[in-house]
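Order of writing sets the chain letters: A, B and C. Residues in each chain are counted from 1.
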Amino acid sequence: MTRSFRIAFKVAVMLIAAVSAVLIASIILWMIGADVGATFYTICVVPLTNSLHLTEVLIRAIPLCVIALGITVAYRSGIINIGAEGQMSIGILAFTGVALAFPDVPRPLLLPTAFIAAVIGGGLWGFIPGILKARLNVSELLSTVMLNYIAAQFYSLCLRTIYLDPAEQGLGAAGTPQSMRLSENVWLDRISGRLHYGIVIALVLAVLIYFLVWKTTIGFRMRASGSEARAARYGGINVAFYVTLAMVISGAFSGLAGGIEIAGVHRRAIEGVTNNYGFSGVVVALFGGLHPFGILPASFFFGLLIYGATLAPSRVGVPANIVQVMQGVIIIVIVTAQMVLSNAYLQDRLWRKLQGMRKKEA
Amino acid sequence: MEGRITELRMEHITKRFPGVLASDDISIEVGEGEVLALVGENGAGKTTLMNILMGLYQPDEGRILINGEEVRFRGPEDAFRMGLGMVHQQYMLVQNMTVTENVALGYKEAWSPFRLSLPEVRRRVIEISERYSLAVNPDAYIWQLSVGEQQRVELVKTLCLGARFLILDEPTSALTPQETDELIALLRNMTSELSIIFISHKLQEVKALSNKVSILRHGRVVFSGNTDDHSSQDIAAMMTGHSIDLPKNEEERKAGETVLSIRDLVVLSDRRTTALDHLSLDIKAGEIVGLAGVSGNGQRELSEAINGLRKVESGTITFFGKEIQNLSPRQVIDAGMGYIPEERNVEGIVPAFSIRENFILKDASKAPFASHAILSRKDIDSYSEKLVKDFDVRCPGITTAAGSLSGGNIQKVILAREIERKPRFLIAVYPTRGLDLGAVEFIHQQLLAIRRDGIGVLLISEELDEIMDLSDRIAVIYKGSIQKVLMHDEATRARLGVLMAGVKEV
Amino acid sequence: MIEMLVNMLSMCIPFSVALLLASLGEMFNQRAGVFNLGCEGMMAMGAFIGMLIPFSAGGGGAVSQWYNVLGFIAAGVLGAFLGLFFGVVTVTFRAPQGIAGIGLQMFGVGTAGTLFRHFVGGTQSIPGIPDISIPFLSSIPFLGDVFFSHNGAVYLAYLFVPLAWYILFKTPWGLKVRAVGTNPRAADSMGINVSRTRYEALMLGGALAGLAGAYLSIAQAKMFSDTLISGRGFIAVALVYFGHWHPLQIMGGALLFTFAQTFQTQIQSMGISFPYELAVMLPYILVIVVLSFTSRNQTTAPTALGKPFNREIRT
């Protein structure tokens, strides 16, 4: 097998994957009678056309990136975290709680404390499925989904009760469930438009995760546990500990993403902050090849899709749910393409068929 | 059902797997009532060839002829229909189903769209088991049966499906010497009705049973002929291509003091049944103790319990004067235990990890490989390059994924890691299973070398030859306890076989 | 007190149907060795199409019951089709099942939401299906209300429980399913087509998930919304573990979880005030607790669950 054949095979598979993803999404668009070309243009190109749009894309890329980094740590350690949505909610609650309790503490102290609270909150919410998986073999896929629902209920319970903005309290049932505007001491400054300094945090975290996972002994052990848990255990690695740790880190990142989102964008806890970022984060992590330096462009791309989809209802009459369809299709296509790429048998057979055809021609 | 099979031929069969030519223009021929022995080293392509015959693999080239007519098998069911049946080396039985249900899987006569007639299958099982005097309980679940019983089930199953042409893939590999003799006698009786292809690398069996032999090496037939015309030595020489005399433990035993002492060990199996039943065993420095026994008698549980991988219910394991039962695997490793686990692909190495990462698997946080939790790439690389050279690991480079290596090279990676760590003791579990003779020789040499360095070795194996070649003393395990410990010169195949079958010596 | 119990039980039985059907479907998938986390998405699609048909026919007003039947059929067919699609991904291409299931879930929920917004728009209700009181039996005190005064789909769903048991343990197909989920290599050597059997199980499972979704939209909620399924698909997967892959135990589990789901309404009827959100959390918490107790030492689990089969790669 030649090198150029291998490369051609890879490129061909990826092309087919991309085309089939677009095709499936197009079928759904066609079913609702939308202009397929215009829809893709609106979602993928329009947001790039001016700087205001661009900042909105970046705002969405920030939580996606932070969450996907956390999911990568977990995934590499053999545990699939689809609970980022819930971990983010708990992070927001913790962040908001600190901000509401100590509004007058000066910013250099309050902001880090609030972020730490978000990290602890998310980490705790990640610890539960982690320890359940490590000790009791509970499927993290199910436990994290359940914890998402629990967190969502807990979140709205808090917003309706202890966090409720006094201004809304008087309105009774008609009031919006949200906290009051948080003290300026927990705000992240803005760079341009609504774009805030969370983007710097995301970039730093990407480097940090690269270093942690690939350059340290902790990362080595987490990867060993994730790659082949039995061999890791036989090699003296405390797999249960590292799996739990990975999940705590993963949850902490999601929690932090929630804190950043509040500090940078909303500046109060409201409904819908998580915006499905937890699930999108899984797609971003996979799309980014489970590597920090792939996740950076991937989060930008999905920030684009998510923001573009918000433009779709008014511009081309396509419901914003279409982005969820695309994400689902992309996950399926990615994992399928990966299997095809790693299938040495298929590659071998194709190569020989090609050789056979050449012989016949000659 | 078709008629008799008077002649079966495979002609010019070629089958490629990525990077391997598993069958290279192979032709074989079997007549009615004949027994063909297919002989060759591990990896020579015997099983692949038989899987092609059964329709499990499709050959890239070549054809199969039965009674002179070409046949195409798209799957095993086509082969069954022609009267072929195969007993695979790894038994193809569904553990949580009964014997009857296992037979029913292939016994289409009992199938109707909405109803499965199990009583009919059961009757057939009883009929066949009586006709060939193969005692099986049709209502037993497979997991309740011993290895020998499972093999009988496999035979019954194959015969129930109407096989008149039997393919047996290493049928004796998990049996005691006595069970092996019984099986050979049984098969010899069957040849009045059946033709047989018999895969083996044990030459006594080949001589005892077959009338024709084909020798495979690296996917090619290197010899075909009548068994009686050739001595075992000739066949062995043709099998390997050159004569290999495996090293033997012939140096004087200089055993030191007891370093590993196991007392009344009780351990449970995965199914929560007793796996080790008050097992006691002592091993001294500088000796190799071979643990002989049919697999499934507690060998896995013993090695796991010693290494902290399985909970010890009661009893003690004393290692250099310190009790180590129920310590963590890390603590056992730090106490100086070396371990070559049973399943090299998932227990010995992390397959997706590179060779160099596997070398430091147990020492990732120790100097010089890391300082302050940060990995030191340079030191890891130079260490790995050295090990690859010293242990002759054949690989493209130290960054190659260990899982992509051949079995022999994977075992070398594990051996290199374990020996280079300078253990105070080594447990080797089935260290040569499935390896070719060159790799076996290398591993045996290494085991003898560390014995020479005064290190104690517990060698767990199902190959009696391996145990008898290497051990200073031989302990026989049966149903989770040690039957007897024999000195090297007291042990004979027959005596070990009796002990392995659970017969107590008086 | 008795009256309250009767009320609770007679509510639990119809409300448990969606969970029951989806779990039985997932049971067939897992018995064949495929872990289908996309159940939620299949249910969403089934719920949407199931509701769309009677809604389009009657515009929300009364329609012939045949449109409801047609809705169920369409949901089953769509579910089977999604099962087939999942088979292509996980059986033919051997993609990792857990993450592929998440993809299917997103795809299903997203597509159902997108199509719903386009074809239906906002919250629209449909008349649903009437209760059928079984003559004589329904007039038995207490028992009549609990067991014999439900809509027709309830009886059919519960009749499917023994049928599922029969299929699994008494037919050649059930034998094949159990074999390919436990030891596909052995099944293969016996001439059983592992991929085909897994495809068939996935299609049956998908059809049942689709029906379960349609039951929610046609018979139970009489409407569709994005949050209609709200994790029932995932709970159904958990129920399979809880029920040890056995139809009767799964039925017990479905009833238990429905009881937890209807907890809110029950305590309200008792006049106890209890935070709504905490009551809604209850079934989700219950899933985690139950999994914690049942996941360890699972000896009944199909041993090849989650493992793609490849004849040419020896393990």
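For the reader, a short list of remarks on this structure follows.
The working rule: a residue touches a chain if its C-beta (ideal position, glycine included) is under 8 Å from a C-beta of that chain, and two chains touch if they have at least 3 such contacts.
The structure presented is a predicted model; accordingly, all values stated were derived computationally and were not measured.
Among the remaining chains, the Cα-based centre furthest from that of subunit A is the centre of B.
Looking at contact counts per chain pair, the maximum sits at A-C. Inter-chain spacing, taken between the CA centroids of subunit A and subunit C, is 28 Å.
Rounded to whole angstrom units, the spacing between the C-alpha centres of subunit B and subunit C is 44. Contact with two or more other chains is made by residues 345 of subunit A.
Shared interface positions of subunit B, i.e. residues touching 2 or more other chains, are given as 17.
In subunit C, the residues touching two or more other chains are 312.
For subunit B in complex with subunit A, the touching residues are 16-19, 60, 307, 309, 328-330, 332-334, 339, 341, 343, 346-353, 357, 361-362, 364-365, 370, 373-375. Residues 28, 31-33, 80, 82, 128, 132, 136-139, 141-143, 145-147, 149-150, 153-154, 156-157, 160-161, 279, 282-283, 286, 318-319, 321-332, 335-336, 338-340, 345 of subunit A are the ones touching subunit C in the complex. Those residues of subunit A lying in contact with subunit B across their complex are 215-218, 220-221, 223-224, 227-228, 230-238, 344-345, 347-348, 352. Remark: subunit C residues 37, 41, 89, 93-96, 98-111, 113-115, 117-119, 226, 230-231, 234-235, 237-238, 241, 275, 277-278, 280-281, 284-285, 287-288, 291-292, 295-296, 298, 310, 312-313 touch subunit A in the complex. Those residues of subunit C whose C-beta lies close enough to touch subunit B in the complex are 170-172, 174-176, 178-179, 182-183, 185-193, 297, 299-300, 303, 311-312.
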